[in-house]
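Chain IDs A, B and C follow the sequence of writing; residue 1 opens each chain.
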């Protein structure tokens, strides 16, 4: 009987290998590959980003489950919305999300993304993330510890290998709905402008 | 120093808050000459902050310029009152470079127009079209209820003051009930003791 | 017959490239006191990227970049003989010599530079600039060592060089080996010369705009290229290999040394690495060259 660390590893992986329902074996294999290799965009949108470094480094080591950081949205599979999400951040998240290539997944951390959390009466943060972007998995807590984030990842991996995580398809099918909600809070121009103001006046770059 | 300021700038409102912290209130016309004066004569050459307080009851903003000496030992606050409606203030960005970003902050949060600031656009908000959010007539709760949707099951989007009052009243009633019960119990005890004594 | 040979060489390089890359991740993880991913993780990653849709489009030149890189890696592999005895797994090595291989080593990065330049991603362009700057410095000690080996053994044919070593070149000419090893660490993209793809500074460098199938192609390319470079190094300095087990042992020992070295050191900046490579390893190589010619 293995103990300690190895036992934890087996428990986590055993959970992943539980029975799945699939149309055929090609489908099963594709989903298995997708679930076992997850590149997470290294982009912190709120205070919860502070829990991500321990998740990916030596202490909690998400890489043993195939979860790994990616530097650019072109290569990422998962974007983590970690915590409260102001309008200004939402613009950037939407642009980043749309730059990622399919299939892509969205993991939302913290009570702020679920119902506004402690920013429930803030004029500048959104209260329900799923109105603006499709969410595959919510991890509750304020903030969720790395253990919970790993649990969330494993639940997401299970969904992927079952073929249930299809939020990117939902986003494409209901694009008008999401766009309408985005425009309601962000105005007609949802995309952020590329210009940074310190370029423009003397003393800038 | 203070006598000089009192005489030259026609003010009596000089407060010495600490050994190293002074505050002077002057009319708006005299603010900039006072800033020049304390900078040139008393070495208050660094602009620390520009702050604004919204006195909605008196219908004015209190703008405070905080200046520090070069050795960072002493701070001088210069306060002035300006009207709340269509506020226009001369910009300090020609004299102090750092004033530019402070004025941008105030312009965005209070809707104050700083004349002469070339870069007066939004600092932390983007495309904000409603009332500037730190003005006190801006009701945050009402704005949130009008513009954003809450998840069902979350019903604490109510006025916190009223809610706190209600909770306090409940607590108080409980406490009183407890006290009453205690008193009754004691009275009963005394009665029983008296009966035993007889 | 030669076609079957080439296909088998490709399959061996692909398998062992990914195996080594998986081991690299696992061993690095152990160095950092963590469990690390399974050995097949890199393979799973590359297959996953093959299954992804492409969302970018920057014209045909952009897509040509990874393809040129891949063909550069495969051609390098084909011109390096795996074994120095026997008839099989010689590839095309009898048609081309060491000069061609040295040329092909540079083909990949140059092709990639063309593709990335068209993509217009500033981080990609930055990474390519760093990569090419570093490449010039990397070539210096490596070429000196390789040319010395070539002139000492009197042949530019890799099989001949590998066969003629009764004792390993690394033991007879240690300074040349050390000089070349510094460049080799840089060529493998290991610390301290890994500034090209630094994830924090240039967002994974040249690859930052590539996604989906083209990124998978780049990953396979790097796996195959790694194996090809290891075999070249073994052929030139470690006496080649007469059998499969010897080849795997020698390449793996070399690989293990490279990753252990990489895990120990931090990252040089571009000017620092150029400075270092042009000073220390180059001087070591030159001294080695002088000593070797003097003694022979």
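Keep this in mind: a residue touches a chain if its C-beta (ideal position, glycine included) is under 8 Å from a C-beta of that chain, and two chains touch if they have at least 3 such contacts.
Since this is a predicted model, take the numbers as computed values, not measurements.
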Exercise. Return the chain label for which the distance between chain Cα mean and whole-protein Cα mean is smallest.
Key: A
Quiz item: Once you count every C-beta pair in contact for both, which comes out on top, A-C or A-B?
Solution: A-C
Quiz item: Which whole number of Å gives the spacing of the CA centres of chain B and chain C?
Solution: 63
Exercise. Can you check how far apart chain A and chain B are, centre to centre, with Cα atoms defining each centre and the answer in Å?
Key: 38
Exercise. Would you mind writing out the residues of chain C in touch with chain A in their complex?
Key: 25, 29, 32-38, 41, 44-45, 47-49, 51-56, 123, 199-200, 203-204, 207-212, 215
Quiz prompt | List of chain B residues in touch with chain A within their complex | solution = 97, 118-119, 121, 124-127, 129, 133, 138, 140-141, 143-144, 147-151, 153-154, 156-157, 160
Exercise. Flag every residue of chain A that touches chain C in the complex, lowest number first.
Key: 5, 9, 30, 33-34, 36-37, 39, 42, 57-58, 61, 63-64, 66, 68-72, 74-75, 77, 99-103
Practice problem: Name, in rising order, each residue of chain A that touches chain B in their complex. | Solution: 87-88, 91, 114-116, 120-124, 126-128, 131, 184-187, 189, 192, 197, 200-201, 203
